[in-house]
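Presented sequentially are two complexes of chain A, the first with chain B as partner and the second with chain C.
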Partner chain A sequence: MQISVLRPGLLTTLQDLGRYGFQKYGIIVSGGMDLYSLRIANVLVGNDEAEAALEITLMGPSLMLEKGTLFAITGGDLSPKIDGIPVPTWRPVFLRQDSELQFGPCTAGCRSYLAVAGGYGFSPVMGSKSTYLRAAIGGFHGRGLEKGDILPLGNPGKKSRLLICQLENKMTKQPFSTTPWQAKASYITKQDRIRQVRVTRGRHFDYFTEESQSRFFQEAFEITKNSDRMGYRLSGPTMKLKAPLEMVSEGIVLGTVQVPPDGNPIALVADRHSVGGYPKIAQVIMADIPVLAQIKPGEKIQLREVSLEEAENIYLENEKMIQTIKTAIHLQIRG
Partner chain B sequence: MELIQTAAIGPTTDVELLPFSETAVLVEFGKGIHPETYRKVRALAQYLDRHPFPGMREYISAYSSVTVLYDPVQVKQEQERIRDDQPVYQFVASMLQEMIDHLDCSTRKQVRTVQIPVCYGGEFGPDLEYVASSHQLLPEEVIEIHSTGKYLVYMIGFAPGFPFLGGLDERIATPRRSSPRLKIPVGSVGIAGMQTGVYPLETPGGWQLIGRTPLALFRPAENPPSFLRAGDIIRFSPISPAEYTAYKEERTCR
Partner chain C sequence: MFTLAEIKEIIQLVDQASLQYFELEQSGSRIILDKGQRTEQAQTGEKSAAASPVSAAKESVIKEEPDKATIFQITAPMAGTFYTAAEPGAEAFVKAGQEVAEGTVVCIVESMKLFTEVEAEVKGKIVEILVENEATVGYGQPLFTVKRI
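Take a look at the complex of A and B:
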């Protein structure tokens, strides 16, 4: 089984949960921006949640898929269609004939995930299939997809084969068949709303002026055009330090919000460096990283403070919810 | 920010453990760049390499701190097993505190010394003249000072295999360029303030470039993928352009 790339889209890369364990050598984590959507996409096709999926950004690709492919699309809505027919998202979809999967306008969120049964047939580099563009490693030759690329697919496992059997037997006139059930869709942003993103105080929060501290939580920030997989640059109230802060570079983690001298905060995401030397004003909680990941440049966010203990509880609850969704999907697959 | 615990390690330095997020704790051994502080950073990093705790993901060691990343779900499972009901971050902090209390920083671990051949000046080091003139030195004197220094790799970061080196002679410390270059060739050796380092990948950057090494610092096919490691001692040895080219050819023929 394979997928041929007819049009690559804006930025389509292979990503999994990330490359952990090598930050001490300067190797960044990478991985999917919206890990909720990526994990669920994999579970929907019977894969391990840690398999790689295609992360499709803003303008999607056109892909030629072979008959018999089982796939699922989650995340932002980039209007996927097969032979002009909208493809249901957050569901397993089985192809009855060779078909072109075309992504169209982006109507909600900004990143879709395409998981296929068996995963993509690439060898992990340092334990991960995630594409690390700058170092040109992982994924498909360390780069985004290009026209003419052929992506080999892996062999579907037992759960995937069970699903394929179920969907092969369903009779419809459509070029594909799907299940009557779907997974819980989440974190899809509507253009006109200001999204809430929860943060804990960063370790240098107290070093900022009181005015900056209160405006940080009271006013909205816009995600600027310079935002990418490395960092989301925020524009809004300018954050000022009480006094210049002398500090040496130290570790940064997913969701760290640091403030460079120009006073505009940057929320660090998947392709962040392992270390940084700017003051840290806040820390986006893990459960809200997928929310942030689906916000487009030009849209606004409102930061809301939670305590560390709340953040921890939200993390544990969120993981429990994901486990429940996984169990529910597994039960559906077993019939 | 809440301070979990403070305890003395050694006669002078205090260590601070701070919750960084719901998935990371920061262990800070000091504020600046000091070999003494760094010894403690190394000691904890090496301990964690040998004895990762259940649920630990990895750590990031820096000049004076170690950031320890963990999976709260896995740590919680461990806590349930031993019937501990503290918040996860406190449990992780107390575990790290326990380790730090028993860290042995006195024993000298084996230190690796690495020679890095550098072709200084010319097209390889376009800022050598500038660095020299801004200190009223001759380019040869800058090369002499840079290549007789002994440098400690404090951390690898910013780019794969990029070493942050301490130990630069003040006489050649030079601020970053006012406007960064968009493309810095692989292997470029640069100076930024009191730091010196080598670019393992072609990236944008603002360091003053004084030379280039033919040695590959980022080696994705090897484990570890970084030629240099935190804790290594580095010496730069000057080579001629002909030697640089010969070295490059030899590597590609292999």
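Take a look at the complex of A and C:
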């Protein structure tokens, strides 16, 4: 089984949960931007949640998929279609014939994830299949997909095969069959409104002027066009330090919000570097990284402060919810 | 209070269904239709309106065996939360009076964060939506009544 790329889309890369353990050598983590969507996509097709999936950004590709492929699309809504028929998202889809999967306009969110039963047949590099674009390692030859690329698929596991059996026997006139059940993400909607993103105070919050501190939480920030998989650049009230701060570079993590001398904060995401020397004003909580990852450049966010304890509780609740979904899907697969 | 038109419609629907006994209570009003005893009552609160005897014409109808139930119920496939629309604020899948075909999605039931679409199993017209949006429903609980066409 394989997938051939007819049109690559804006930026389509293979990503998993990330390449951990090598930041001390300067190797960045990478991985999916919206790991909630990536994990659920894998669970929906019976894969291990840590399997790699294609991350599709804003303008999706056209892909040729083979008969018998079981896949799931999660994340933002990039209007996927087969033969002009909308393909259901957040649920397993089984192909009854060779089909061209075309992504169209992005109507909600920013990034879509395409998981296939059995995963993508690439060897992990330093323990991960994630694409590290700048170093050109991992994923598909360390780069985004291009026209003519052929992606080999792995062999579906036991859970995937059970699901394939269920969907194979379903009567339908469409080129694909799907389940009556589906998963969802409440943070991805078509409604155009300011998104709330929760943060804890950063290590250097107190070094900023009181005016900056209060405006940071009171005013909205726009995600600028310069945002990418490395950092989300925020434009809004300028953050000013009380006095110039000479800092030694130190470790940064997923969701760190640092402020360079121009006063415009940057929220660091999947392709962040391993160390940074700018003052850290805040830290986006783990549970809200997927929220941030689905916000398009040009949209606005409102930052809200939570305590570390709250952040931990929200994280645990979120993980519990993912476990519940996994259990529910496994129950459905076993029928 | 039921309106006269509603009572008439209920009598007609029950008459055509393969039901022997029918009881409906709604905001203090109660209707009992009992084909076995061939009496019907309409009560409002404590006051009971005089039961009108069933006409002769009706008796003949009762004697006829209804060949096919025209009223069909769509029931919950699992216990969970009932949703009339795909997402909050979105338009409801179906409204009362709307025609549905086999396979038309009429609602969603959420259980363990999985959302299952419920389809109409017959071609017909939605008579009534029996459950409020976001209500908790049990397995097999009637969600819609559909009149077959």
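We take it that the second predicted complex is superposed on the first by the 331 of 335 C-alpha atoms of A that agree within 3 Å, B and C clash if a C-alpha of one lies under 4 Å from a C-alpha of the other, contacts with A are read in each partner's own complex, and residues count from 1 in each chain.
Methods note: a contact is a pair of C-beta atoms (placed from the backbone, for glycine too) under 8 Å apart; a residue touches a chain by one contact, two chains touch by 3 or more.
Remember, predicted model here, so these are calculated numbers, not experimental data.
K.L.:
Putting chain B and chain C on the same copy of chain A, do they fit or clash?
P.N.:
The answer is fit.
K.L.:
Report for A:263: first if it touches chain B alone, second if chain C alone, otherwise both or neither.
P.N.:
A:263 contacts neither chain B nor chain C.
K.L.:
Once chain A of both complexes is superposed, is A:125 in touch with chain B (first), chain C (second), both, or neither?
P.N.:
Touch status of A:125: first partner only.
K.L.:
In the three-chain superposition, say which chain, chain B or chain C, touches more residues of chain A.
P.N.:
Per-residue touch count on chain A favours B.
K.L.:
Between chain B and chain C, whom does A:205 touch in the aligned arrangement: first, second, both, or neither?
P.N.:
So A:205 only meets chain B here.
K.L.:
By the touch definition at the top of the document, which applies to A:315: first (chain B), second (chain C), both, or neither?
P.N.:
First partner only.
K.L.:
Which holds for A:248: it touches chain B only (first), chain C only (second), both, or neither?
P.N.:
After superposition on chain A, A:248 lies in contact with chain B alone.
K.L.:
Given the touch rule stated above, what does A:105 touch, chain B (first), chain C (second), both, or neither?
P.N.:
The answer is neither, since A:105 touches no partner chain.
K.L.:
For A:182, decide between first (touching chain B), second (touching chain C), both and neither.
P.N.:
The second partner, chain C, only.
K.L.:
Taking the superposition as given, tell me the minimum C-alpha spacing from chain B to chain C, whole angstrom.
P.N.:
Nearest C-alpha pair, chain B versus chain C: 20 Å apart.
K.L.:
Chain A touches which residues of chain B in the complex?
P.N.:
Touching chain A: residues 1-2, 18-24, 26, 28, 31-33, 45, 57-67, 69, 72-73, 76, 87-89, 155-162, 164, 200-201, 203, 218, 220, 223-226, 229-230 of chain B.
K.L.:
Flag every residue of chain A that touches chain C in the complex, lowest number first.
P.N.:
Chain A reaches chain C through residues 180-184, 189, 191, 321, 324-325, 327-329, 331-332.
K.L.:
Taking the touch rule as given, give the residues of chain A at its contact with chain B in the complex, in rising order.
P.N.:
So the residues of chain A touching chain B come out as 20-28, 125-126, 134-135, 137, 200-203, 205-206, 246-256, 273-275, 283, 285-286, 308-309, 311-312, 314-316, 319.
K.L.:
Contact residues on chain C for chain A in the complex?
P.N.:
Contact set of chain C toward chain A: 87, 89, 111-119.
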